[in-house]
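Next up: some structures, all given as structure tokens.
Look for chain A in each of the two complexes below; its partner is chain B in the first and chain C in the second.
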Partner chain A sequence: MIADGSKFKPGDRVRVKFEDRPGHIRTPWYVRGKSGWIERVYGDFLNPESLAYGRDGLPKKTLYLVAFRQADLFEKSAGSNDKVLVDIYDHWLEAAA
Partner chain B sequence: MVNTVTDAHGHEHPKNELSYFAKRIYAIRELLVEKGVITEKDIQCQIEYQEARSPANGAKLVARAWTDPAFKSRFIADPKAACAEMGIDAAAINEFVVLENTEKIRHMVVCTLCSCYPRPILGRPPDWYKSFNYRQRSVVDPRGVMREFGLELADDIEVRVHDSTADIRYIVLPLRPAGTEGWSEADLAKLVTRDSMIGVMDPLSTIPD
Partner chain C sequence: MARGHHDVGGLPGAGAIDQTEHQLSDWEILADAVNQALGAQGIKRTDEMRRAREEMDSAAYRDMTYYERWIASIESILIEKKILTKEQIDQKLAEFEAKWGEP
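Moving on, here comes the complex of A and B:
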């Protein structure tokens, strides 16, 4: 779990890119375009969006545990203090204010 | 007379037809064997391997963590090494993370994209874990889901739902039930249900009959 070269560190605010394209995607729809923070850096893994097509999965992608306030994801969760944590690869993330 | 009764009892039984997907799977299986990619023996071995894994593995780990603080630290720091120590083969898991429940934080695991599940530790996932209902509602209304499993959480407890979308497999380390001081590890393991390690309910407080 080498995380030295990672773009983000725990506590950093991040936004999930809002992309929609056909094919194998590991970023659930409900977090796209949403903001949260890095909870943990898991390290570098073969890219499943490449592996799914029989390719080599390289270059590896850093995988983060990203935390979201449930209330920021779903309107019906307004007022909730609960969290949803999702494993997201770095090419889906950008720095958020 | 006996035949008349059994043959004509008033309704039609559905024919035992394979579904489209079942037919497709059997066809692929036959082709793989025919082309020599895998053998019937490979398939049987894999079925036996899948069936041999069960939530009893997870329960052993949790009970040991409850009774041995040093093991608990190792289990959280390096779950795969802790599994190996207990004779549980978790090598098939890429990365394995233990989510420790506390008095103030409860974890719950889902895979909203498909059915990712720590199979070496918990065996095959239950059907409800793979259902659209659970996969949709767990992230939106985890407390409502827990309530259906009989767990009512106080408002000041924080719920953390983990959506395992990638290479990490999660298991919840539930809280040890009150009143179990001095219990043996084997008895404690009987309290650790599969569902408590997915995080939708607490462990049992008494050993089931």
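Moving on, here comes the complex of A and C:
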């Protein structure tokens, strides 16, 4: 495990928070409010939501590779067994059942 | 709900992605070089450039090509950081147009 302080470990079920707020946000709209699982823990990185405004990006945020069932994201993918992988920062994720 | 003009993943009607190879123009290569140089000098970060593109006028964003958006965001970041003024950029542009004609 790279980031010992990380909230989640590979395989954990997570839900992406549904937030709609101004600012530079890396979490794409199509995964907000959706559930998936942690595929990989990348480690801790400067926060782009802060860096985007010329600030220092601290405190660092843990970045995860999160997997979703494509069928859960897009109606037209119903029946698909494909998965979609998205990089998502820790503060956008909460534990899901 | 405010979905940014850049955040279009999964929206219907986007059409197929053009996957044909295409040659970059000289100015596009130059835009990339300027971008790299400003980054290497610690003047701007990728996240700031992305934010500048997200803050652009939506109609302008849609009308611009990829590297046109890069140029526009470099310009707005340099103005924001008071490294150049809009007047300086406009004046230089006028000089180029006088010498080379309108693009």
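A few remarks follow.
Everything that follows uses one rule, which is that the second predicted complex is superposed on the first by the 95 of 97 C-alpha atoms of A that agree within 3 Å, B and C clash if a C-alpha of one lies under 4 Å from a C-alpha of the other, contacts with A are read in each partner's own complex, and residues count from 1 in each chain.
FYI, contacts are C-beta pairs under 8 Å (C-beta built on N, C-alpha and C of every residue); 3 or more make two chains touch, one makes a residue touch a chain.
As the structure is a prediction and not an experimental result, all values here were calculated from the model.
Using the contact criterion defined above for the overlaid structures, shared-chain residue A:P28 touches chain B and also reaches chain C. Of the two partner chains, neither chain B nor chain C is touched by A:A97. Greater residue coverage of chain A by touch, when chain B is weighed against chain C, goes to B. In the superposition on chain A, A:Y42 makes contact with chain B only, while chain C stays out of contact range.
Of the two partner chains, chain C is the only one that A:A52 touches; chain B does not reach it.
Once chain A of one complex is fitted onto chain A of the other, the partner contacts of A:F74 extend to both chain B and chain C. In the superposition on chain A, A:D87 contacts chain B only, with no contact to chain C. Chain A residues in contact with chain B (one complex) as well as with chain C (other complex) are 28, 30, 48, 73-74.
Interface residues of chain B facing chain A in the complex, by the touch rule stated above, are 94-95, 112-113, 139-143, 158-168. Per the touch definition, chain A reaches chain C in the complex via residues 20, 22-25, 28-30, 48, 51-54, 73-74.
Those residues of chain A lying in contact with chain B across their complex are 1, 26-28, 30, 42-43, 45, 48, 63, 65, 67, 70, 73-74, 76-77, 81-89. For chain C in complex with chain A, the residues that touch the partner chain are 1-4, 7, 9-10, 45, 47-48, 50-51, 54, 81.
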